[in-house]
Each structure stands twice: as structure tokens, then as C-alpha cells.
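What follows is subunit A paired twice: with subunit B in the first complex and subunit C in the second.
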Partner chain A sequence: MNAFGYQFAPLWTDWLVYFLVFSGIGFFLYARRHEHLARPWRQVVRRPLAMSAALVLLVYIAIGLADSIHLQKQRVIANSDAVIFSSEKISLLDIVLTTLRVQEEKTYSAPFAIQSYAKETIELPDGGIVREFPRLVYGGIHLDQASDKTADIVAKTIRAIAESVAIFVLLIVILNFFLARYYQNSFGRQLNLLKLGDADLPWRSLLLMGFVLTLVGLVLIRLAPYYHVLGTDKVGKDVLYLSLKSIRTGLVIGSLTTLFVLPFALSLGIMAGYFRGRVDDVIQYLYTTLSSIPGVLLIAASVLMIDVYIQNNAEQFATIADRADARLLFLCLILGITGWVGLCRLLRGEALKLREIDYIQASQAFGVSHTRILSRHILPNVMHIILITLVLDFSGLVLAEAVLSYIGVGVDPSMISWGNMINGARLEMAREPVVWWSLVAAFIFMFLLVLCANLFADSVRDAFDPRAY
Partner chain B sequence: MDAKVTTANAIEQQEVLLRVDNLKTQFHTSRGILRAVDGISFEVRKGETFALLGESGCGKSMTALSIMRLVPQPVGRIVEGSVNIGDTDLLQLSEVDMRAMRGGRIAMIFQEPQSSLNPVLTVGDQIIESVLCHTSLKRAQAKARVLELLDAVGIPDPARRYKEYPHQLSGGMKQRVMIAIALAGEPELLIADEPTTALDVTIQAQVLELLNDLQRQTGMAMLFITHDLGVVSNIADRIAVMYAGQIVEQAARDDFFGSPRHPYTRKLFESLPRANKRDESLAVIEGNVPSLFTQFSGCRFVDRCDYAWNACHQSVPRWLGDEESGVRCHRFDETVDQSDNEPVEKTSQVKTQVSPSGAIILDVDMLKVHFPIQKGLLKRTVGHVKAVDGVSLKIAEGRTLALVGESGCGKTTVGKGILQLLKPTSGKVDFNNQDLVTLDKKTMRGLRSDIQIIFQDPYSSMNPRMMVKDIIAEGMIAQKTVATRAERDSRIDELLEQVGLPVDSKQRYPHEFSGGQRQRICIARALAVKPKLIICDEPTSALDVSVQAQILNLLKELQQTHGLAYLFITHDLSVVEYLAHDVAVMYLGRIVEHGPVNTVFNKPAHPYTEALLSAAPTLDDESQRDIIRLEGDLPSPATPPSGCYFNPRCPKVMDECRRVYPNKVELNSAHSVCCHLH
Partner chain C sequence: MLAYIIRRLLYAIPILIGVNLITFALFFVVNTPDDVARVHLGDKYLNEEAVANWKAARGYDKPLIYNPGASGFDKFQQTIFFEKSAKLFVFDFGAADDGRDIGYDIRQRMWPSLAIAIPSLIIGLLINVTVAMMLAFFRASYIDIVGVIAGVTLMSISSMFYIIGGQYLISKSLHLVPISGYDEGLSAIKFLVLPIIVGLIGGIGSGTRWYRTIFLEEINRDYVRTARAKGLFESIVLFKHVLKNAMIPILTGVVVILPILFMGSLVTESFFGIPGLGSYVIDAIQAQDFAIVRAMVFLGSVLYIVGLILTDISYTLVDPRVRLS
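Entry: the complex of A and B
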């Protein structure tokens, strides 16, 4: 891809993210054709709360995906035909958020501030020196006077509200138009049904959630180019930008780890349960040993090891982004290796139970081979456990990243993540007046993601609960 | 039992204790309104046993729960009717008063004694809880009362049992404990919801006798819920038959068994397998119980009834009779035009029969399956559970051998041992002159198409994630019996037709079928690889009587058309009488008697066979039957008694029995027994 002067330059984790997206689509297509998988999902999509949570998750995922398409900018060198690319990799999200990215202040500034957070010594044109709060370089420079600020913010917000209401109405009309066509109702009647919430899908909740999201989005779009909505951090970077960039890190940790968990947990778990005897002994020994080692210790040791490796082999990593990415990938791997034990235990127990069930015995009486029994009978019948565990584990992993980065063994310090944001903010908590916005921003973004993931996971678990059969 | 008949008149004089009037219980689910109980009225008098008879899902348990006001909330609710006990309307009581009522004036016992007792509390603690709750006794007195109750329900050594936990008791003992708990509040009415269904026949006989005795002593009334006609004839004074949420017939015991009126009841009697029906196929009730989600505009039984005519489709039959007896059927309604209610004759096709050669295809010799008991850190083997301890049997082509015994005697293990699903400890399993025990895995895999198995539970015997066609095809693929996909598809169609299922069912999942239909799919799956021998492991015991008849007919027909041999594992003697040619009676891992069905059933040689036969409830007149009641339970197969395994329970025990295990005695060429009496 060479258009617009950019070259497609994906990182390792990007490839894995693409792989996850495609396997997700593949699973969707597979589940559509298999009743036992499609039925619980239909139950999930009928729940208003689950679908609202899913909508928020979708927004997160969209931001994360936009941030997973990495590009290198073409550098134009005078008097040369050679095409040379910048050593800096930036993502699609970076390009969209260029204003936020480049508008860097000198240091801390509070949300919506137009003046710096600390007094500085300023030399006046006439040679005199005063100490005062200087105006920011970017925040609110379009204002002539500081007193215009409130009126300006209110005006921009009202405009955003008006726009989002318009979009909301338009959305209802379009949706209703298609629903009316689909159910072959008149437009008015369908509108009434929509209002009553009488449909297969919880459209009402989806529309409301959609309204809230567009409102927040539009308010940010209107305000963010002019103000630092969530303030700036120590080196003057916009906190909103940092929070948005952190989304990818969180999602990657939460989802890629499962990619490393699955092969271990699945193969070892069902093998231990199905074959029992020696195989079971060995596998149990393995995971009992592994789970006896303190996880944090193992992670800290491994992360330090990879650090040393990266430093010694710097030539393998072209850019800073590559280096940070390698460490992120390795963190996922090590979290996966320490995290498969729980799922493995669950699957072993389930396989132990299943192997005694009549239909497995019937297959054995037919002389069906072990691999076929494992793949055709055991695997589909433990699928719900895998799904429930993975979705429930996701939020735990997002939080784990924050904790690990906080204690310094998480992602690379140069990588933007909620953990690093909290880690940075920690040092300023004792300051007077306190610098609270980094912490609060990371908290809000993480809280929303984990809350929605948990709500969604709850519905998935309910729908896939085998006792419901 | 004679007492029962003589007290019948006395009961007539007694006042009414429980009066249920037009009770309706509904469940509001996402699929619509489920009318579990749809307008039920009956009365139970003091000292009377009132039986509520019906197939699974007909609403009989829900009736009991409605009386106790224990209908699952919030989906279920009682929408109409009244339940009066004495002068109190239970449905008007506050929850606090109702709680005193439960276990006080009305007590209830359930089907599964295993799950009704709390495993972490001692037996005594669980009974004393009920005593303290419903009487004003102090703790010390209450304990004495508990011991008294344990004694009353026939538990030996109550002082020791008081301190024991439920897992230390056998199933029969647990049910006795449940009865003791129910009796703690000295109830006027005892609701027994299938109290003996989970128990073996010999234990069932003990429990039924106990309930009878208790009733005589305390004068309480009993509402007895069951699906078993035999049990009903043993215990009930009056009987109501439920079908799809309604009572269709009600009568006193003698009238009921003498002249059943409703077509459904009559069909139930006809579909019971018995010896004198051996050469004919059983009457079956076609189809299934209608879904309780439907709004009925006619008789609920109309689709399955041989007599149904226009009127039955068009109008709902009314109750003909009074509170004492009656029937809900247009045939007995003079106000309905009876002109065209001739029974529809169902023609049965005669299928080609394969005449079996009589060659022995399975010869099991001294088969032993022992499970090691491992203890301690190093898993040392400290003993063996001798589940199967030297079983020998022979099956000829086209014949059925029934393996009969109580639960825990090792009959299922024999089946799995023959199939090599469990590795036998020793012995020989000769199938067509090849010893399966010593075969290597590959040869064994090739032979698997010849021996197949059908399981008891039709719900767990099919993978819920696979479509019916994949389930049936699995064996064919593994055994490579068909070459092409097209051939396989046509074979699946053929098999579905053979077992009487529509061809379009192959695209559906197991959960869309009823128990009987599932069992048919399982039979089709087994037939797919053209086996010579099918091991049927209690294939009908999870099914209702009417459905059981369908499956038994099918098995019999398949045997005739395909020349199949069956090893029929069961505890139900009436099924044996109907289906089997030979029978082997098993007790604690060993066969105690073996012979042709007629000989064994008419002249049982072993005291255990005798006891089994007499304990099985039948419809025959009780007064002429001399029931041999066995004391105690099946001993543990880990520590069998010395000498003859049956000696602790044997009514004819001799000194010798306690010392040596008896040798096999050939009574004649076909009939053999292991007993010192012979």
C-alpha cells in the first residue's frame, strides 16, 4: 500500500489481531450453521443490557482496530528519486487524531485549561520579569480573553447536542424504514412497535445507547481540537489521546493472551480427562508445578529477560514501536503460559465427566478412534466452557496489564497504556494542587471497558449455561 | 393386605380430609402458557390411600406441589381453584401459616432419597430439625422421639444410625429416613411423590409395606403419586388417572382394576408386557402426550384414541360422575351422539421372518471384572470391588437372554465387559469363536460392528451437538460399512423407516425428540452397522409404560426380521417374561439361576429368584399372593458375605450356606442354579 504517501507496515501483534478478527468472523459463520451454537447467541442478542454493553465494546474494538493498522510515512528527500520511509510507525488512529497528537504543551495542564498549571517566569517585552500562569501553546488559543471560555464551551456543546439529536432522529427513521420493510409493516405501525420495544432485537436500548455514544463522540469532536478535554500529562501530551491509544494495548492483552492460553489448556485439559492414567498424571504434575510458582515472579523474570534480549539485539528492531511491540507480544505469551492452568483444570474435569457418558461409550463401541472422539464429541461439548472462561478472563487480563505496568513489569514504558498512565500519575498524587486527570481518565476508560466486558460475559455465561438445556 | 379390602367400607364413612376443587396451575414461560394442572378436583378421606396415576409430564407432581404451595416462583402460579384441608383453605393462608402447615398437617416425601437428604448433616440432625419445628418438645425429649421414629420406620439399631451420615445408608434406608422426617410432625396427610420409583423391587416391597403399616397405625391419609400400575394395585384405595393435566378417570380400586372405562386406562393395561402376551405384539398408544402449551378444543387423548370420532375432536368431554368416581369421555356421555364410535382396527403387517440357526454366537466363560480400591498417598490397592465375579452365559443367534438383578449387582458391568469397554480382569468372552479379551485393539475395532449396545438413558446416549444423521452415520463411518456418501444417506433413510421415524428427522437435533423417539434413534444407530448381537442395557426403564410397549414391539420385530440376538439387561420382570427366551438371575456379581423363562418363572429354584418374583408388584389379586419379603439390602461387592452371597437375606438359610459358596447344579439340560437346597 503506497497511496497517499504511506506504506503499510504492520507490527507482529497487528498480524495476530487480524488473525483474531478473521477467526472471529469464521466462528460467526460456523455458528450460524450450527444450531447448538446459534441458539445461545440468539439468546444473548435479545438481552438489552448485553447488547448495550456490546455496542460500547464495539466502539472500543473499532478504535483498537484503527490503531492496529500501522503505516510508515514517505519522506520526500530533495533531488532524489529514492523512496524513503520515515522510521516512525504511526497508526490509522494516529492520523485521525493528528490534531490531538501534535498539539503538545510543555507540561501539565488541567482539563479545559487555557493557562499552564504551574507559574513560570516570563520575560516581558520591556525586559521586566514576572511570575504568572502563561497561556498554553494550543489549549484555547482561539480565545481572545480567558473569560470567553465558558461561553465558548457551552456554545460548542450545545451545537454537538443538536447535531447528535439530529443524527439520532435520522437513525431512527432509517432503522424504522428497514424494519418496516423487513416485517412488512406500515411505517407508522413499525414506529409504534419500536417504541413499545416489541421486536426480536432490543432496538430501543441499542438506539438509546447509540445516542449516548454519538453525543459523547460529537462533544469530544467539537471540543477536543480547541481544548485539552482531559488535560495534559507531564510532557504535555493530551490525556484524551493517551487514553484512546491505550485501548489497543488493553484489547491486545485481553484477547491475544487467550490465543496463547487456548492450545495449552484445550489440548492438555481434554487429553488429561479423556485418557486418564499416565497422561493425566503427567499433565496434572505439569500444571500443579506451574501454578505453584508465583505468577508475578515468573512474569517479572521473563519480562526482564526479554528486555535484555531486546537491548542486545537492537538491530532486529527497526523502530521504537517494533521494540515496544515485541515486549507486548512477549507479555501476552507469558500471561498465557501462566494463565492456562485454570481453564485446563475445568476442561479436564468436564472431560472426565463426559468420557463416562453413554454417547462416548457408544462411539467406543463403534470403534471410533480417539482423535475423532476427542474432536467430534468432547470438543463441541466443552466449547461453552471455553467461551465462558475466555470472555470472563478478558476483563481480568485488562486489569492485570494495568497492575503489571504499575509495578514496572508490564508493557514497554514507551508504549501508551492505562497501566503506564496510572504509573505516571502515581508520582503526582502527592502534589498540591493534585494532578488528578491522568488517573481519572485511565480509570474511566478502563472501568467502562471492564464493566461492559463483564456485563456481556454474564449474558454469555447465562446463555451457554448447560443447565439451561 | 386383606385388611385393605375390609377397611374399604370403613373409609367410605370417614370424613373428607383433603378437598381439591378445580385446581389450575400455570407456568408463564417465554414459549407461552404451560397449563401443568388444568382443572383438577378430587377428595381424600381420612385414613385413605388415594393414588394419582399418570405418565411423566402429565402434571401429577405439579398437583402435589400445588397442594403444598411449592410451585416454582415466579414463573408458576396457581390461577384458580381451592385446596381445603379440613376447613382451612390452603390457598388463602399467609406464607407463615403455610409453613407451619407443611410438615405439620401435610408432609411430603420425594422420589430421590439421595438428593432429598443433606449429605453434610447426620441423619439424627435432619430428623430432629423437623421434630423441633413441629412439636413443642425440648431437645432431650426430641432426641428420644427421633429414635422412636427411626424405630417406627423399621431402621435397625436407631441409636447408631442417629449419628450416621446419609452416604452410610442404602437407598431404601434413606427413603425410610425421609419417611421418618415426614412423620415427625404427625401429619394428617402424607403426599408421596413416586416414593419407590428409584428403588429396587425387593426394597420397594419393604417400603410399600412400611407405608401401609404406618397408615394403619396412625390413621393418616395418603396421596400416592406414581406411574406404576402394579404399585397402585398394591397400595391404593381409590385411584385417579391423570392425562395431560386433567383427571380422566377416577374409581375405587376394585372397580378400576375390574373394569377400567376410559380408553386411555384400558390401553395402559393392554400395553403392560406380560407372559401371556409373548406371541403377540403389545398394544401401543400411538404418538405422544400432547404438549401442555396447547389450547385444547376437544378431548386431550383424541389423537391417540382408537375410539375417537367427530365429537371427540369438536367438544371437550365433561366429567361424568361425582367426587367418588367418574370418567371424562364422550363414550359414556348420553348427551353426545354415539352413532359412529366404532373402534378403528389397526392392521398389522406380517414381516418376513428370519429363522435363526440356533448356533451359539456369544459364549462368556467365568468373566470377572474387578475394580481396585486404592487408598493413601501412594495409591496402594487395598482391595477389589468384585463387580462381576465369574459370570458364564451363552446366547444363541436370534435369541434373547435376559440378565436380571437389582441395581448394583453388576449387570451393566457384564455388558460393558463383553463389549470390552471395561477390561475384564479374567475370563473369556467368545464371540463367533474369537476370544475378545485377548484380541489386539485393531482386530477388536473391526469386530465392533457385530456387537452393539443400547443404553438406558435416551437423554445422555446421544451427543446433543450432533444432528440425527451424523449420530447414525458415526458407526458406519468408523466401521467403513458403506463406501459412498449417497449410499450412507440412503441407508440412514432406510434405518429411520425401520425404527418408525419420519425421514426428515435426520436433519434435526436430539433435543427435539421425546424419550421414546430418542430410544428409536439409538436403536437405528446400533442397527446401522448390522450387528449380530445387541446388548440392551435397560432400554425401557426410563420410559413410560405406553412408550415402553412401542420400543419392546420394535425390538421384537427387529429380532424377527434381522435374526438379532439380544442380551437384555433389566430389573423389570414383566419385560423379561414378555420378551426373553432365557433368563439369568444375577446377585452380587454372580449368576444364581439360569434357564428358560417359563421354567424359571414358574418353578424358581433359587430363593432369591423366588423373592424377586414375589416382590414385583402385579395387577393380580393381592390376597392370593404370598409375598416373600427380603430383609436388608444388597451387600457391598467389595466385602461379600462368606459362603453363599445371599445367605444374610435368605429366608431358607442353612448352616452350610454360611460356609461355602454353592456349586452350580444342573436341574435339567437348560436350567441350572447355585444353591445348597438343590
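Entry: the complex of A and C
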């Protein structure tokens, strides 16, 4: 594909992300037609907390997906018709955030600062030399005087607030119009119902959450081109840009690991439970062995080995981005291999129970083949366990990424991730004044994602697991 | 009982062999010792002789599993597999890349790890069980809801932020205890207080949540309904009946992690500069010292299996319904 001077150049993880998105859509369509899956979901969507969390997650996913579409820019070469593409792969998100990406300072600067964090020797026009904090190259460059800063920020924020209120009101009117038609109420009556939160879906919570999100988004859109809203890091990169880019890394680790967990856990788990006997013994031995190795150590050992492989076979990876991507993929694989045991155990237990139930016994008596019993009768009945486990595991994986990157066995050091941000920033806590903004930014972005994932997962578990409280 | 324990111990042997084969494959087959030597030496000093020397100094110059050059049993003994992997079974860990004896280092370093892990475990258990009991007592009230939401919130914060926050607040701003370091004997306490407190706060979210689920599961059982029907006070039901029965899953959950406590916490120890086994592993990972990582993988598996066996035994001790067979 070649449009607008860009060429579509996905990384390996991109393909898997697309695959995951399509499977997700496929699962949604499947669940819609199957009552035992659709009913719990209807319960989930009625919960205000779950839906607010889902809305935040959607924003994260949208950013992550935009960051998963990688492109190569066409290079224009004078006097030549040849079409050549830059070897650098940039994502759709990079293009959207071009201003943030290119506005690099020299080193640290605090949020909203217009002066650098470090003093520099500046030569005055008259030949004298002073040591002072130089003005930033980009941050607040549109201001003539430093004293204008507060007024400028307030003005831009007020504008953003006004805009988001306008959008909010517009949204209410549009939504209420459609709801009123759907329930055949008058506009005013429906508005009153909406205000009371009386509806099948938690529209009121969704609207409020949507308002908060648009407000934050618009404030950032208005301010970010002029200031480094979250400061800059050691090499002068905008921290907001880094935090946004980290979203993809976190999401990929949380979700692609699933892709590697499922085949092992699913096939081995239900086979062990269904066939019992020797098959069960072998599979149990396999997972007891794997799970007896402390997870962190197994991950560390594997990543160390892949490091050696990458260093010895550097020629296989065209760019640094390709290398980082390969390592990310491998990390997901390893997390999957260390992580499938828990789900496998659950599925084995469930399959052991299911195989004694009448309808399975009946199928066996009718001479239905094992493959058919497994796929038609056992598999659909363990779906809810798979779903609960995968959703619950997600947040743990996002947190694990940060710890692993800190230990040095996480994602590639060149990859932008929360773990690497924390790792780079934690040593700067000793400085005076403290460089806190990288840490705080990573904290907020990570905390929001994990909190929403946890809240959402709780609702999913409550809805699907009749035993849960 | 004794027969059961012996059988469980025998059952552990194939698992440990499996662990050993996995680590062997990971460390010697995925990348040959030549590859590892090249990475260690770097591009600057890379030549055949240097690689050979590096391997010879660390005993990696033998064939992997079969040595046709030797005679008799030496065909198998003079190999990397025997020297580096099979010897782990008798806890002969060999030497690290810098020549230090790994076994000695492990014995030295396990005490600081335990000094953090054991108080954290005991105090944490007390706090978490108490809070969980309270939430279960006030279940479905505002106290419960607030407690559960607070728990989820605490759970959603990465452990590293607790550590960084704790260090910043207590050590850097308030100067109550040193930021990091360690000392021998009783003077170690001032270095241990902060890691333990941070560990407790970091674990309270998930711990409380887990124990609350256990309590609520117990509360819905028939014997509780009977006790209530008898007219017992809710507090007596909770403390005498529910707590006693809930102790079974709680205790066995603790027993399984007891042996692993030796391994220490990687992140906590490295942030606080405590010379335990956790920071030992981190240092080894950062120095790419595979001998240490290999030894720790094996040790960790052994401890985990010991934990599983202890769990099974403790089941029979606390729960008379369970019979070993």
C-alpha cells in the first residue's frame, strides 16, 4: 500500500495485534449468538463502574492501535522517479503527535517550564558570559516574557474547558434524542430519566466519564503544542509523548501473552482432564516441572539467552525497531510459557468434572469421536473460565513489564515503555531539585490502565463466575 | 505418613530432572558456550584463542553430553552436562564467572533475605487477615465497598512506586531511616524497617482481597447457617467457626511459600541495597553470569517442591478430613 507518501510496514507484533483484534470481534459476534455467553455480558454492560472503566480502556486501546500501524515515509530524491522509503518505521500515533515527537529539548525540564533544568554558560551579545537557566528551544517559545506564562496557560485551559462543556452538552442532546425515540418518551421526560440514571445502560456514568476524558484530552491538545505538559526527560524528549507511546508496549504485553498462553493451556488442560490416565500424568508432569521453576528466574534465563542470540545474530534485524520488536515478541512468548500453567490447571479440573456429566457420557455412548466431544461439548463449557482468567491476568502482565524492565530482562532498552521510564527516572530522585515528572507520568498512565483493567475484570468475573462474590 | 512423605520425595526426583534438562537446554543448547563467550568478551578482544581461554577457565571447553575422547565413565563425566548440570543435584553449584564459590555466597546471602521476608510475612498475615475479617463482618455495607475499592486501588499500583515513594517520603524527606544499605547484627534493623513497611503496604491490597474471598466462601456454608440458627452472635460465628475453618486454606497458602522466602525479593532488595539472594540474582543477570542464574533456578525449584510437599503434610495436620493415600 502506498498512499499520502507513506508505505504500510507493519512489525511482527503489529500483525499479531491485528489478529487479536479480529479474534476479539469474532468472539463478540460468536458470543452474541450464544445465550450462555451473552447473558453475563449484558450483566457487565449494566454496571456503571465496569462501563466507565471500559471507556477508559477503550481510549487506551485506541491509542495502542494507532501506535500499532507502522508506516515508512517516502523519501523524495531530487531528479529521480525512483520510489524510496525511509528505513525508519513510524506509527500512525507518531504522525499524529509529530509536534510532540520533534520538539526535543537538550535535557530535563520541569512540566510547563520555559527554562531548562540545568544551568548553562551563555555568551551575551556584548561578549560577557553568564551562567543561568537558558530558555527552552520549544517549551513556551511563543511567549515574549516569562511572566505571561500563567495567564497564557489559564487562557488555554479555559478555552479547553469551554470546548469540552460544549461537546458534553451536544453529546447529551444527541444521545437523549435517540434514547427518547427508542423508548418513545418525550425529550424532556427522557432527559429527566437520564439525569436520574434510569436506563438499561449506565448512560449517565458513561457521559460523565466521557466528559472527564474529553476535558483531559482537550486540555492536553490545547497546551501540549506550546509547553512540555509533563516535562522532558534526560535527553530532552517530551514525557507526555513517551507516556503515550508506552501504552502500546503495555497493551501488547498484556494481550499478546494471551495468544501464547491459550494454545498450551487450552489443548493440554482439557486433554488432561478428559482423557485422564497416562495423558494426564504426562501433562501434569510437564506443568509441575515448569511451574516449579520460579517465574522471574525462568524469564530472566530465557531473556538472557535471547540477548546472546540477538547479539550474535545482529544482521538478522534490519533496524533497532525490528530488534526491539523481536525482543518484545519473545518476552510475550516467555511470559506465555511461564503463565499457561494456572489456566491449564483450572481447565483440567473443569474438564474432569464435565466428563462425568450426563450429556458427555451420552455423546460417548453414541460413539461421538473424542475430537468432536472436546470441541463441541467441552470447549464451549469452559469458555467462561478462559475469559475470566485472561481478563484477570491482563493487569498483572502490565505491572510485570515494569518490574522485568527494571531487572533488565524486560523489553529492549531502546523501546519506550513505562518500565524503562521508571528505570531511567528513579536514579534522578537523588537530584536537587528532584526530577519527579517522569516517574509521576509513568505512575499515572500505568495506574489508570491497571485500575480500569482490574475494575473491569472484577465485573467480568462477577458476571461469569456464579461462585464469585 | 512416613511412607507418604518418602513417596512424595521420590516423585520430586523426575521433576527436578526435568527442571535440570530445561535449564541445560536453555543455557547450553539454545546458545553454545562459544556464543556466550563471544558476548562476554565483546568485539574488542574477539579471537579464537580468547574464546578458548574463556571457556577453559570456566570449564565450558568440554563436549555437551557425550565425550568420545575419554574412556569408560569419563565419556559421560567429562562433559558440560555432568559438570555443570548434574552436579546441581548434590547442591554443588560450582564457581561464578568471577571465580567465587556460589554455594558459599548463597549461604551468606540467605540471611538478609530472610530478615526481610519473615517479618513481612508474619506481620502481613496478621494485618491482612484482620482487615479481611473486618470486611467480611461488615460485608455488603459501605465499609466493605470502600475497603474493596481501596484494595483494588492499592493493587493497581506497581510495587516499584511503593518503594520509590517510601524511600522519598521516609528517607529523603523525613530522614527517619537510611535510604539503602545493610549492616551486621542488630544494627541492621534500621535498614530493614523501611523495606518491611513498604512490603506490607504493597501487599495489603491483594492480600486482603484474597483472604476476604476465603472468608466469604466459608460464610456461605451450611455449618455457618446452623450456627446462626442456633442463635449465636455474628461475632462468635465469625471468630470461632468461620476463622477456624478459613485457617485451613490460609495456613496452607502460607506453607507453600515458606521455602521460597529464602530466595528473597528481587526488586525490594535491589532498591534497598540489601545483600540478599534477590539482589544476588539481579547482579548476576546484569553481569550476565549464567552460572549463578542456573544455580538459583535449580535452588528455586527445589524450594518450591519442598513447599508443595510441606503443604500436603500440613493439610493432614490441620484438617482431619484429609487422609493421605
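Quick note on the criterion: the second predicted complex is superposed on the first by the 465 of 469 C-alpha atoms of A that agree within 3 Å, B and C clash if a C-alpha of one lies under 4 Å from a C-alpha of the other, contacts with A are read in each partner's own complex, and residues count from 1 in each chain.
As a convention for this text, a contact is a pair of C-beta atoms (placed from the backbone, for glycine too) under 8 Å apart; a residue touches a chain by one contact, two chains touch by 3 or more.
Note that this is a predicted model, so its numbers are computed, not measured.
K.L.:
Output check: A:Met305 vs subunit B and subunit C. Expected answer is one of first, second, both, neither. What do you get?
P.N.:
A:Met305 contacts subunit C only, not subunit B.
K.L.:
So in the superposed three-chain picture, is A:Leu352 touching just subunit B, just subunit C, both, or none of them (first/second/both/neither)?
P.N.:
Touch status of A:Leu352: no partner.
K.L.:
Applying the touch criterion given at the start, work out whether A:Val368 contacts subunit B, subunit C, both or neither, answering first, second, both or neither.
P.N.:
In the superposed model, A:Val368 contacts subunit B only, not subunit C.
K.L.:
Name the contact category of A:His36: first (subunit B only), second (subunit C only), both, or neither.
P.N.:
first
K.L.:
Touching A:Leu201, do we find subunit B (first), subunit C (second), both, or neither?
P.N.:
After superposition on chain A, A:Leu201 lies in contact with neither partner.
K.L.:
Please determine whether it is subunit B or subunit C that touches the greater number of subunit A residues.
P.N.:
For subunit A, the partner with the higher number of touched residues is C.
K.L.:
Residues on subunit A in contact with subunit B in one complex and with subunit C in the other?
P.N.:
469
K.L.:
If you look only at subunit B, which of its residues touch subunit A in the complex?
P.N.:
Touch residues, subunit B against subunit A: 416, 419, 421, 444-446, 448-449, 451-453, 455-457, 460-466, 474-475, 478-479, 509, 511, 522, 525, 529.
K.L.:
With touch defined as at the start, can you tell me which subunit A residues reach subunit C in the complex?
P.N.:
Result: residues 285-286, 288-294, 296-298, 300-302, 304-305, 307-309, 311-312, 395, 399, 402-403, 406-409, 422, 426, 429, 434, 439, 443, 446-447, 450-451, 454-455, 458, 467-469 of subunit A touch subunit C.
K.L.:
Would you pull the subunit A residues touching subunit B in the complex into a rising list?
P.N.:
Going through subunit A, the ones touching subunit B are 34-36, 357-359, 361-369, 372, 376-377, 380-381, 469.
K.L.:
Could you list, by residue number, the parts of subunit C that touch subunit A in their complex?
P.N.:
Touch list, subunit C to subunit A: 14-15, 18-19, 22-23, 26-27, 30-31, 35-36, 38-39, 152-153, 155-161, 164, 167-168, 172, 213, 216-217, 260, 263, 266-267, 270, 281-282, 285-286, 288, 290, 293-294, 296-297, 300-301, 304-305, 308.
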